[in-house]
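Each of the next two complexes has chain A plus one more chain, namely chain B in the first and chain C in the second.
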Partner chain A sequence: MTNAALPIKAPGAPVARPVRRFGLAWLGMVPFLLFAFLFLVAPTVFLVGGSLQNAKGTFTLENFANLFTPQIMQTYENSLEISIVTAVIGGIFGLLLAYAVISGGLPGILRSALMTFSGVASNFAGVPLAFAFIYTIGRAGLFTVFLKSVGIDLYNSNGFSIYSKIGLEVVYLYFQFPLMVLIIAPAIDGLKKDWREAAENMGASSFQYWRRIALPILMPSLLGTMILLFGNAFGAQATAYALTGGFIDIVTIAISRQMRGDVLFNPNQGYALAMGMVIIMAISIAGYSLLQRRSERWLK
Partner chain B sequence: MAFLELTGVQKRFGEFAAVHNFDLAADAGEFVSFLGPSGCGKTTTLRMIAGFERPTAGKIVVNGADITDKAPNQRNVGMVFQSYALFPNMTVADNVGFGLKIRKRSKDQIKKRVGELLELIHLPDKASRYPWQLSGGQQQRVALARALAIEPQVLLLDEPLSALDAKIRVSLRNEIRAIQRQLGITTVYVTHDQEEALSLSDRIVVMSEGRVEQIGTPFEIYNFPSTGFVARFVGTLNVLSAKVIDPGAGTLEVAGQPIRAAKPISGGHAGGMITVALRPEIIQLGSRADLNNLSGIVDDVTFLGSIVRVRIKFTDGSGVISFDTFNNPHLAVPDRGTAITVSFPTEACLVLDQAEAAAAAAPEDLDAA
Partner chain C sequence: MGRPNPAITGTAIEGELGPGPHGPGAVPSNSARRSRRSRYAGRIFWWLIFLIGFLYFFLPLYGTLDFSLKSKPFGSAYTAILSDSGFVSSLGYSFVAGILTIIISILIIVPTAFWVRLKYPQLRPFIEFITLLPFVIPPVILVYGLLNTYNGKSLLPLGDSDTGLNVLLVAAYVVLSFPYMYRAVDTGLRAIDIQSLTEASQSLGAGWGRILWQVILPNLRTSLLSGAFLSLAIVVGEFTIATFMSRPAFAPYLNIVGDSKPYEQAALALVSFGITWLAMILIAVIGRNSRSQIKVTLG
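On to the complex of A and B.
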């Protein structure tokens, strides 16, 4: 670029500086790029390739066309519903809980207890979580039996089942709202007491303070966390599989059915299903960025 | 009748009494400062006026209406916070107009009023900026405009300048005072900076450990402190312990040297110890037959710009006394260790009240003030 390209250089001039810095910076990127290539680019290429072939390896759009059959559309709908419901409910509960513990004047010990619990619970997923729920509110779970003994039949009278969509949502919420608590807590900490008092001082009610100050300030973090919760639920498979034995109709399980192939076996269809998920995630992340940018306008 | 009245106001936090029996009657348009060291209860008292703390006892009346039990958002009292507390998600204009928006004023009304206020604080071109794009001084001016927008009955400021650097502090405090005069708004200003309080206030409330020590004009507070605490906290006073020789004649002995007070010593008895206060600026270098004289050894010379402060140690080790002299190029600054004599008029001896004497006699020197 600069002197480095010149054949003659002034003695002692810091010639190669800019070039060397450039080189080192790239060197630092290498592990990440390698990682991204191996686990993001390569699989995506593989996925795209696979989804555009049939079992014999010839090009086809059939797998994608199949996504629009009512049955698969229903599968996506279920996944979306579960993800949105648990992200929104988990988000709201998490926000309220974190706010109560941080700013609600509750004893400090409660806060650290909640944070510790949230740290553990937000990582408690998959098979152990599913079984924990089965053993407590499953058809023969401890709590179910207890309720029955006091005259409440969870499974017959209310149509409730831990193995259904609602059941799965309840189970997902178990890790969704602690995750919200963990991520939103620092943002709530950032709300200054003075802002609330200044608002009150100018005549604002608590509601007006929340509407015009606290929520707008929290909005970027709220949106960010909700999209994370959405992705978290959308991509979950093991919990649902262990809980329902693979009998719930959501996309991740549909994919595994196609890949493992007990009854159905069409990996290429599985790739197309996965591509559908990638596209939905991409759309939601794009939508999120848009909202995020708008809610962060005052930061820039 | 006074416009802002605090009667017997107390605040306890559990067992701890942060404010004891606070009485104040401020007239409409008056600028009152609360002055005192950290933790003396200034902010707590201010927050009780704003409604953020409920008094444990006592009554707060503004313009004849008892507001003691009113919620903060029902008081129409404007507050300026030390931290500015501007809403980061709103522009300057939206911050200033916030109170009016809450009061459901029309868009046009709000716009007009915000424009006037930004003019008043000399930031008319910053309306669409966000708080983080402003300097500290600008932010605090916006906070002032925001508090004034709602046309509060009383304006409260809690150390509004303490986060700013010295130059801006002085210019902004003058600006605050000018605006306050222009609007004629009753104002309570909290500070721990005596110079700020003296230069701004109509009256000063000097506080210590939750108690009012003295309420008076800056002139009264500075020249006639009623307690040792006030004398030490306001200004850089010499506090000396003196032995009473003849109470009736007002003769005393400081470090074994005779001096005379202008008035008879009430309450003192011959041979007893009392405390006298002496302003550094009233003491002159050199002995004079018609004045009180005290001799000692120069202990330290401090150059303070326009003045030079000289500290003298009494040879019997009973204490120190400081005096100020104006700086000029021909000034003969005494060297450390030389013996000198200073003089001061009899009226300069402030005899502090007897209850104070014991406390003040403790070897506490003016450097702490």
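On to the complex of A and C.
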């Protein structure tokens, strides 16, 4: 398709002037740009436009103002909470796990095993993940039953439910910390052994090494990746939908309800709901790329 | 009396200090012992972390396996899915969608990444920005926008027919593949000397189509394959877009099959995991072989 679109055909190219005959060669980029416009930019512009109109098609900021009702704010708060909690916990645990296999003195084979597994698990979101957790820590799940047999009733004493916010967080962590492992591993590789040895020779304890050297160097990548994890959880819909059957109050599910036609408010309100989400995602991705650039200074 | 004493004490002190904390040989041995002990404690700590991660990784998989094997007779959930026409057709549908996605994605991204590297490096931030947009616009919003933009009232009413929706679905998947595919291709292009390859091909009389198809593409084989497998894994597991476009894809099927066949659903969840796993292993294998291949092509 694209090759056919490339207009330049050189019959017997003269050796003397090789890289000049392509005034029209940039046409090779047109399919991509056209595609991106049609199926990525246009739909987004449509949502932006719709969110700034009322039902009659006149310009208004009302839809955005209406986002600040208690009900919608609660929806956003739930999404933010789940995303922040899983980003921080997933980030810290992912860092520890990555460090364990890279510099923790564990057998080298565990490292490649963990990396492959992280590739799988970070992509294992959605329906099968939700079910896997229902079979495991659902009301009649394997682990729930096991805990009951040793005297711990997960569901009665603690008010735990896999269909609740905490449940969703436990499930989200399954793809959150593998993503952390994948992204932070190169940064940990960048921590030079000399730095640790130098610190130890000067009498630094393990804690001091972490506090004064490793963490400050890792901090930009650590924060950046956590922001990425935040966005990852914030935009997730399938897992929550499959887990709760669409009965949990988070933004992606609210948008799904809007699409399904369980109309709680008008469509323009729905577009504003979506735009609010895009804005939060945009801020987080911008923060990520900013921190990513900073971390490249040390880690090469 | 006072004379020999300092000498004696001196030697005594020296003798005592010899192995003590200020002696030259003692410092490393002492701190080495301490750090060896702390390293030993550290290793136990890291093993513990690994164990927790391992359990958290595998318990849900084991739970799923355990549940799927509860069907009677033993293993019948797995034999049932093979004869389940819904499974075969939905997985087939998703695979076809995935392969179309990969082909289109490669066809539009390779020339773009090639031109950006060769001629328009100043466009790079812009193109990269576009390829990262799918991270900002999650699937649920993308499908929301697409269905409203191309509904029955629009100039291009793709949302009105099954064929149109199939087109729209693959288009959305191509968009989802942008970040992965562009990165894979761009990394691949960095590893080969496209300037020289292009000039050499041109001086031999090759046109642009030929250069891309016969010179650049074969050299990108490994990066394209890893981008392709990743895209395939994403498409086969994708739920949100397929559901809202009412397409008969694998993940939506997996979501509803449990109402009537709970054990099959567990078996299917494991199959789905296996597909992702296979894709990732293939990527790893390709990545491992890639270095030698690139060396060979560079001569």
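To be clear about the criterion, the second predicted complex is superposed on the first by the 226 of 300 C-alpha atoms of A that agree within 3 Å, B and C clash if a C-alpha of one lies under 4 Å from a C-alpha of the other, contacts with A are read in each partner's own complex, and residues count from 1 in each chain.
What we mean here is this: a residue touches a chain if its C-beta (ideal position, glycine included) is under 8 Å from a C-beta of that chain, and two chains touch if they have at least 3 such contacts.
Fair warning: this is a prediction, and the values are worked out from it, not measured in the lab.
Within the superposed three-chain model, A:V120 lies in touch with chain C and out of touch with chain B [touch as defined at top].
After overlaying the two complexes on the shared chain, residue contacts for A:L191 are found with neither chain B nor chain C. In the superposed model, more residues of chain A are touched by C than by the other of chain B and chain C. Of the two partner chains placed around the shared chain by superposition, neither chain B nor chain C is touched by A:L80.
Touch criterion met: A:E200 reaches chain B and chain C at once. Of the two partner chains placed around the shared chain by superposition, chain B is the only one that A:P216 touches, whereas chain C remains out of contact. Residue overlap on chain A between its contacts with chain B in one complex and with chain C in the other: 200, 203, 205. Residues 50-52, 71-79, 81, 83, 85-91, 98-99, 102-103, 130, 132, 143, 146-147, 149-150 of chain B are the ones that touch chain A when the two sit in their complex.
Remark: chain A residues 192, 194-195, 197-205, 208, 212-213, 216-217, 298-299 touch chain B in the complex. On the chain A side of its complex with chain C, the touching residues are 1-4, 6, 8-13, 15, 18-19, 22, 25-26, 28-29, 31-33, 35-36, 38-44, 46-47, 50, 93, 96-97, 99-101, 104-106, 110, 112, 114-117, 119-121, 123-129, 131-133, 135-137, 141-143, 173-174, 177, 200, 203, 205-206, 231, 234-238, 241-242, 252, 255-256, 258-259, 267, 270, 274, 277-278, 281-282, 285, 289.
Residues of chain C that touch chain A in their complex: 31, 35, 38-39, 42-43, 45-47, 49-50, 52-53, 56-57, 59-64, 66-67, 104, 107-112, 114-116, 119-120, 123, 127, 130, 132-149, 168, 171-172, 174-175, 178, 198-199, 202-209, 212-213, 230, 233-234, 237-240, 243-244, 251, 254-255, 258, 265-266, 268-270, 272-273, 276-277, 280-281, 283-284.
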